[in-house]
Every structure is written in structure tokens, then in C-alpha cells.
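If you scroll down you'll find the structure; I have some questions about it.
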Amino acid sequence: MVVATGVKVIEKAKKQKLSHNSKTSKVSAWETVKISRHPQRPILQDYIQKVFTNFVELHGDRAFGDDTAIIGGFAQIGNQKVMLIGHNKGKNTTEHIERNFGMAKPEGYRKALRLMKLAQRFNLPIVTIIDTPGAFPGLEAEERGQAESIARNITEMANIEVPIISLVIGEGGSGGALGIGVGDRILMLSNAIYSVISPEGCASILWRDAKYAPDAAEALKITAQALLENNIIDEIIKEPAGGAHTDYEQMASEVNKVLLRNLKSLSNYSVAELLDMRFEKYSAMGKFAE
Amino acid sequence: MVVATGVKVIEKAKKQKLSHNSKTSKVSAWETVKISRHPQRPILQDYIQKVFTNFVELHGDRAFGDDTAIIGGFAQIGNQKVMLIGHNKGKNTTEHIERNFGMAKPEGYRKALRLMKLAQRFNLPIVTIIDTPGAFPGLEAEERGQAESIARNITEMANIEVPIISLVIGEGGSGGALGIGVGDRILMLSNAIYSVISPEGCASILWRDAKYAPDAAEALKITAQALLENNIIDEIIKEPAGGAHTDYEQMASEVNKVLLRNLKSLSNYSVAELLDMRFEKYSAMGKFAE
Amino acid sequence: MSWYTKAIEEKKPHRKTLWVHCKKCKSHIWGEEWEKNLNVCPNCNYHDTITSWQRIELLFDKGSFHELFENISPVDSLNFTDLKGSYKDKIQANKKKSGISESVITGHGKIKGFNVATAIMDFRFLGGSLGSGTGEKILQAANFAYDYGLPYIVFSASGGARMQEGVLSLMQMAKTCAGVARLNKKNIPFISVLLNPTTGGVTASYAMMGDLNISEPGAVIGFAGRRVIEQTIGEKLPDDFQTAEYLLEHGFIDSIVQRKDMRDYLANVLSYYNR
Amino acid sequence: MSWYTKAIEEKKPHRKTLWVHCKKCKSHIWGEEWEKNLNVCPNCNYHDTITSWQRIELLFDKGSFHELFENISPVDSLNFTDLKGSYKDKIQANKKKSGISESVITGHGKIKGFNVATAIMDFRFLGGSLGSGTGEKILQAANFAYDYGLPYIVFSASGGARMQEGVLSLMQMAKTCAGVARLNKKNIPFISVLLNPTTGGVTASYAMMGDLNISEPGAVIGFAGRRVIEQTIGEKLPDDFQTAEYLLEHGFIDSIVQRKDMRDYLANVLSYYNR
């Protein structure tokens, strides 16, 4: 059912290709949103299987629990060993519920930070995979410090002494994405989105009605292309025509190639250079008048 | 009621002075246990008022809660500014319950560690005051990592880059005491106790009956004098005749004097020297054959 | 125009209101009394919003505050337009309304003799939202603290990230926290004062990262919005949810300080910094 | 006597038992099958205790293990005597019974080619309790790891602190953790394997401080005793309370590994250490 709807969206998107945004012949922002949320879109689990080998999953935040919305562990890509950390939405209704649709709680972010520090101890570069509608907006999450856990990750990631690559594979939902998304390279799949607020949320605040989500999506500049132009991300990984879900193998092979290239280029820097570059990178973010 | 019993104990203790342990004219280990638990014995609150000035209490572990069984904050002793952290049992039934009888939960130990790291940032020596029957043995405390929180404190205290002085003012109850008790100087009031297990607990395991607690207390060598002889502690602060509760002012003045002297002597070392000495101190603990 | 003149100028519009209506207890308070009481209700202790300049006047030694980075102001880099108009127009309107050019004032000054770098958010300017200009100023002030080895105090009052700047706004969370991270590494104290309200992306970045997190009574501090959470869990939330008192109990706030005591409290805390 | 001979010698008493009675599912298993299955019940997967030397044989490359600090043994420094006799006599009896002289074997060896320093606790010796000798050996092995830059793996199986040594025993928690703290500072991995049972002061010190905490299925791991907690809260505890599975769910264990897979698992993890 969900799948069918998703497929329909894609068909519609293909048809509208030329009509809506003709001068660049790209799909509209809202259509990109739909592709990024496509029920058959490959998720972290798929990349673990197709891009990485020898995955050793590690569990727990050492304080409260093990949040299954975030997965992490040792993994290998080619000959390169890394710490892999990412949101996992799950592939079907059972898994969606089990994984809380990839919406992490404080213990998820704290597990992620623990594993990043473990990566530092083992001297392994970190790859984070972002795919979440956002951090979980629940009572207990709030009580246990949803804000604190994201804030701490963002802060400590600035000081982590190994390379960090973040890749947005689907939805980059606001603080919930950024909580594992501070790095030396920010990559996005070509139909992924990254936004400060969901288009629906933005529309219901600024347009006073969620049905204006397509307008909000457009205004928020959440597509990979727009983010590249605004110097938020470093590189776009091209998806197969029709979207990542149409060809898992090709998608995986692209991701593999681009990750390896970026890992290699980051391996040339000393820790001090790396941290300076990371600081400069984030210092330069944003546009203002002076 | 409780008070009366306590006072009776002391009276009894005084009478038995010569009978029980005549060759050293000291009270027995079990009588010391009773003095250390005396309901009118000064607790952390009293020392905060009488030894320290300008106390700024700081709250919270930044992850789950604020455990009132452990109090911490900036404080001044003489002209010396410190981070003060300690168990607080409370002074009456209402407070006992509120403070959980000084039995801390994981969030208490985590608050303590947070404040120790804050002390490091502010470059303040740390004074910890120990007075607990033990860490709280509850279901939720266990779930949230009672063991982990104590283990982490013990481990990280080895690396804290400011001087640490620990003073046992009443009961030093096992891991619950040690969780804030690793330091460069371990001091004890003369009627305080420090034990790996409560005499009652030890008796019920090794004597198969808690009523043998006095024998267990003797066997466990839990008095300040015995611990000094076994090189566990560095110095005993003499209590007023009859126990600390008989003269708060004199007790406070002794504590003040000894803390200041130890703070001064520790201020002479570099961070590297301090950590080396601390490592050597703990490396030397224990007796074995080779 | 000196900081002091600015603060005085600002007060004028308030003086026009003869009676103030307390948002919490609904009592009517004589305007002058309200102001004399630092915009705190004498009846119920409700701590109402004050402007950045009022706070500076309240906290800093007379004449000691020096503004920095004051020329930074927002630009509408995404050409963002919603139903109510363009972000560009909003910026102009907010500048005019508030007399300041971003949602934060940054600078350095003395609190009872203790030198600090500081950033004071102003809820009047686009709801204190975190835009690129805000982030730049908060980072620059952190860098100033870093360069001069000064404790850094940030006073937050914000509805969160500034939607009209899209992901550029989101990234200000990382940008400001990168500044905090450098202070951490150099063991320079960072004190966060979370004022009513501090929510969303500001709470989930620098505001929650204080070596000390301090608040005022009753301040609302949270990540997700109350309504969103109620929709998610399908229940009504407790009344004190996301108040400073609630956060203290849950371990995220070191202490709640009355507005009138804040200056003494901060000075006292600063006196413990020993480097 | 070489380590290998020791391991072989040790097995003999087991061979005497023709049938083993599984403590969990109560089935009777043919002794040889039980042993071949590494003291794991082929019926219900119950992981029964094995001795330190059996574990060494199971995990380390043949002939690669070298024992260190083997002469360290307990002394009765407090002249501790309870109803059942003196600690001195207990030490002798335990030495004789187990053929080892403390509750832990320490040394270095190779796991599928990866060099490590290691400590393997033995529950047969005074319930694997943490005495001064135990602490000394665990610290010395940590120091060996520190000096040679080797990952350190500790296998815990312990009832906790050794009461008969009083506070000397309690201080072994701090002593061993001081060793772990030095490894942390030098970024040398510390891997903790928590075996059935790991409780009390051992759980509340080094055993819980692994960069990775690993366990075997069903292992009991806890701080306070089950009975003490039930008395405190006045309720019966859930059946799986303080099992490895329970701890995994609550965030304290990275993974639960079958005994037969432990060697491969550890080697795999060690392959990720990149210094």
C-alpha cells in the first residue's frame, strides 16, 4: 500500500519533469522530498550489505539504553576500516516501528558519540549515514535530554580527532540529522533532502496550512543541488535515473567509489590540520551582511 | 526517638571503653560503627555551613536527573576556592527520605563526575566528603548503570588534573563511597568507618547471621586507625572526646585546619607530578605474596 | 551612540504604557513599578522578556560594555517568501521595530570587575531566531573569548532556528558549537543563561552546552514544541513541562536565579575561575 | 609446566564425570559431548563456567600464551577469621583445589595473530573474588599492555570484592581502574569480556570500563545482589534481570558472543585497531 503510493509518486514525478522546472529539467523540490521518502529507497541496512563488509555492530550508550533508530559499529569499505554510524528507518512496517522510523532518542545520539570516541581510540575514520525525519519529539526523549544530546554531539564532533564523512542518503531532518552530521565532508545523494524543518512543518507555521508543503519545500532550498550552491555540502552522489530505489547495485557502487575517494583524500591530513579545516569549514557557513 | 537511641549507644560506648578493648583504651570496631552512624553526627550540610563559605550548589548530570543524595558545587575554605562534592544523608526523617539516606544513584555519580570535570576546567582542587551506607541497591539504579557510573568515576578520577582530597566523615560504604573517593589524600575522622561491605552484610554471608555484625566489624578492619596502619588512608582527623556530634564547632575547626594544610601541600605539584603520585599511590594498595 | 544611551533610549517606549498586564497572573501593575522591578511581576514573580540592552544595563558594570560585531545583519540569501511576504521585508521591519540589526548583541564587558566576552540574544528581533548573522556574531564573540582567554557568557532567548534561511540556519548550530568546542579545549569557561523562551535549535546547540547552565524562574526551555509532542504521544503534557524548574529536576540546569540576583550570582561564579 | 600442559592436566577431573547435569535445562549430557561443546549445553545453550586455562586454550594461538606474574598469591594480612575458619586456610584450600595461586591468570599471547595482554579470571579460586593479588596482577598486566602498546583484554568472572581482605580489596577497584585510565589516556584499546557471573566490585570497576564490553549468552552481570534489591524495593525482579541480554538492552554491553565464536569475534575486533 505504502509502496504503491510511493511508486505512483515517482511516475508522477517523471511525467512532471519538464513541466514544473523546465529550465533545469529537474524535478521540483517537493518531488525530491517524495523520492527521498520513497518506501523502497535503499536505507542504511542496504548500504551495510552492499557497500560495506565485515560489519561488527556495537550497542548501547553505557548509561540508559540501546536506541535501534541509530546503528553503529566497525565496518570495512574496500580495504579501508571505518566506524560506521547511521540512522536506520527499517524496511517495512514492523521494522519502521522497531526502529522508530529512524527518529533517534537521546540514548541514540549518546551511543553515536560513544562510538565516535571509540573510533578515535582505534584511529578509524568515521562515516555517518543520515536518514531521519528528525529527532524523536516525545515526552521521555525531551526529559532525558534530546536537546542536550544533540548539542553535545555537535560540539564534540568539532574536536573528534579522526576524519568524519557524513552522507545524507534520504531525509536529513533538522537537528536530528545534524546530531550525527558534523564532519569534514558532507555528501548527499542527488535525490536526498536536508532541511531545517520539514516542509509540512514549515508550511503549517509560515503558510498556516500544511498543504503548502510544496511551496515551503521550494522556498527552504532543501535539495542537494541548492545545498551545494549554498556551500553547505561538498559533493553530490548521482543516483540512477528514476532514483536510488530503481537500481540498488548501481547506487551502492557509486557510494562506494565516492566514499573511498573522500576517505583517501582526508587521510593526508594531520590531526591538527583536520581540526583546523573542520573549524574553518563551519566558521564559513552562513550568509550575512557586514 | 532515633536520637535517643543514638545517645544511649554513645553512653554505652563510653562505659565499655576500658572493658572491651582495654589494651588500646579504644572503643571496639562495632562501637565505632555506631558512632559513625550516630543520628546527631554532623553531616555534609553541617560542614558546608561551618567549614566552608560562599557555597554555590550546582545541579544535575546533564542526562537524566539531579540526585539529591550527592551535593556539589563551588565552595570556599579560608581563601582557598574548591569544588566540593559529597554524600548528604539529611538530618531528620523527612530529609533522610528526600536524600535517600545518602545512597546515590547513577545520576548522582554522574553529577559528581561532571562537577569534577568542571573543577578541572576552572582549575579548582576537589574536596569530596564521604558519608554513605553504600550506593542505592534499587532496580532502576541497576538499570541505569550503578556499576558503570561508579566504575567510570573511579577510572576518570585517576586522570582528573587537579588535586583531589577525600574525607570520610561518617560511613564509607563500599563502592558507593569509592565512587567519589579516589584522590591524592584520603582522610578520615577518627570515628568514621570505611568498609568493603557493611558489617551486617558481611556477617550474614560469612557468619550466616547478621547478629554477628560486631565480629564482622572487628574482622573487616574498618576503623580509621586500622586503615591508617594498612596504608589505605593518609591521615586521621581527631574528633572531640565523645564523638564529632558532641562539639560541632571543634570538629569543624579541626576539619578546616587539616583540609587547608592538605590543600596547601598538594598545590605544590605540577599536573604530571600529581597524576604520577596518584597512580603510584593506588598501585601500592593491597598486600600479597610474590 | 554609547551603550548606555542605547539602553536609555530603549526604555522610552515602555514608559508610554501606564499599566502592564502580567501574562501569568493577569494582574495590572503600574508601569513604573513593573520597570523598577526589572519587568518581573511583583505579584507572581513572572519574569517577562527584557531587551538585550536592558539586560546589559542590568548586569554589566557602568560603562564597561563594549559592543563588537555590531554591523553584522541578516541577508535574504534564499529569496525566501511565504504567504505573509518576503524575508527581506521582515528583516527591515524587525530592524526598525527593535533598533538592532540582528537577534543578538555581542561584546565584552565587566561584571563586578570580572572581564567576560558575551552574547545577549534579543527575542524582539525575529523571535530571537538563529540566523546566519546570529551564528556569526555568537561565534565571533566566542573567538574573542578564545583569543583573550575570557570566560564567555551567552544569554539565550530564542524560538530556534530561522526557517527563512533554510539549512544555512541549521548549520549555525554547528558553527556556534564549533566555537564552544574550542573554548572547551582551552579550558575557558562557557556559561549559558537560558532565558524565556529558549527552544529548538538554540537549545539543541550552544545554549545547552554551558559549563554552567543557568536560568530564570519559569523560563520555557525545550527542544520540540509542546504541541508537536502532544500530537506524537497523544497525551496532554504536565503544566511545568519544559520549565526551568522541570529541567533542573531532570539534570540539565545548574541553578535558577532571580533576575535581580543574576549580576551577583554571575560575579560569584566568575570568582571561582582560577586560571 | 607449559600453559598447554596445564590446560590438558586440568581437563582430567572433568573427564571423570560421565554425565553432566545442565544447571539450566536440567538435561543430562554425555560428559565428552559437554566438553567437546566447550561446557556449553547442546540442548539449551547454557554457557557453564570454564577454567582460565581452558579459556586460554580456546582463545589463544597454540603455544602463543606466556604467563606473567604467576607467583603472585594472596596473603591473609588482616588475620581474617569467620565462623568457618581462617582466610589463611581458605587460601591454601583454594590453591590446592584449583591448581592456581590467585583468582586470575595474567599474561600475553596471540589471538589469530594479534598480540594482546590479557587477564583471565577463574571463578574456582575463591569465587573469582577481587583480592589484593588479583588487583596487582590485573594492574601489572595493564602496565604490560601500556609499556608494549598492546590491546588489553580482561575476562571477568567474579563474585566481587574479597571480603576477607577488607578495604584492601575495595581499593583494588581503584587500583585496577588506574591501570585502565592510563590505557585510555594512551588510546590503547581495553576490551572487557564479562562472563558468568560478574558482580559487585568487579562489575563496578574494570569489567564495566571496556572500550568494548562483550559477554556470553545468559551471563549474570550486576552490581547489587538480586536478593538485596528485592528486599529494597519489596518486589520480585524480572527473570532476565542482570543477564547479558538485559544489559545489552539497557546499553551496557556491545555484543553477546557465543563461546565457540569468541576467538573469531575478538580477532575481528582487534583487526580494527589501527595504530
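Quick notes on this structure:
Letters A, B, C and D mark the chains as written, and numbering starts fresh at 1 in each.
Going forward, a residue touches a chain if its C-beta (ideal position, glycine included) is under 8 Å from a C-beta of that chain, and two chains touch if they have at least 3 such contacts.
None of these values were measured; they are calculated from a predicted model.
Contact tally for B-D versus B-C: the pair with more C-beta pairs in contact is B-D. Using the mean of the Cα atoms as each chain's centre, the chain most removed from chain B is A. In whole angstrom, the spacing between the mean C-alpha positions of chain B and chain D is 30. Once the centre of each chain is set as its mean CA position, chain A and chain D turn out to be 41 Å apart. Distance between chain centres (mean CA atoms), chain A to chain B: 48 Å. Each of residues 62-64, 144-145, 148, 152 in chain B touches at least two other chains.
Multi-chain contact residues of chain D (touching two or more other chains): 184, 250-252. Taken chain by chain, the contacts fit none of the simple shapes, being neither an open path, a ring, a star, nor a full set of pairwise contacts. By the definition given earlier, chain contacts exist for A-B, A-C, A-D, B-C, B-D.
Listing the residues of chain B that touch chain C in their complex gives 54, 56-66, 74, 81, 107, 111, 118, 120-124.
Interface of chain C with chain B (complex): residues 184, 187, 189, 211-213, 248-255, 265, 268-269, 271-275. Looking at the complex, you find that chain B touches chain D at residues 135-139, 141-148, 150-152, 154-159, 174-175, 178-179, 181-182, 194-197, 202, 205-208, 212, 215-216, 219-222, 227, 230, 232, 278-279, 282-283, 285-290. Put simply, chain C touches chain A in their complex at residues 71-75, 77-78, 80-84, 102, 131-133, 135-136, 139, 161, 163, 165-175, 177-178, 180-182, 184-185, 200-201, 203-209, 222-225, 228-229, 232-233, 235, 237, 241-242, 250-252. Residues of chain A that touch chain B in their complex: 62-64, 106, 110, 144-145, 148-149.
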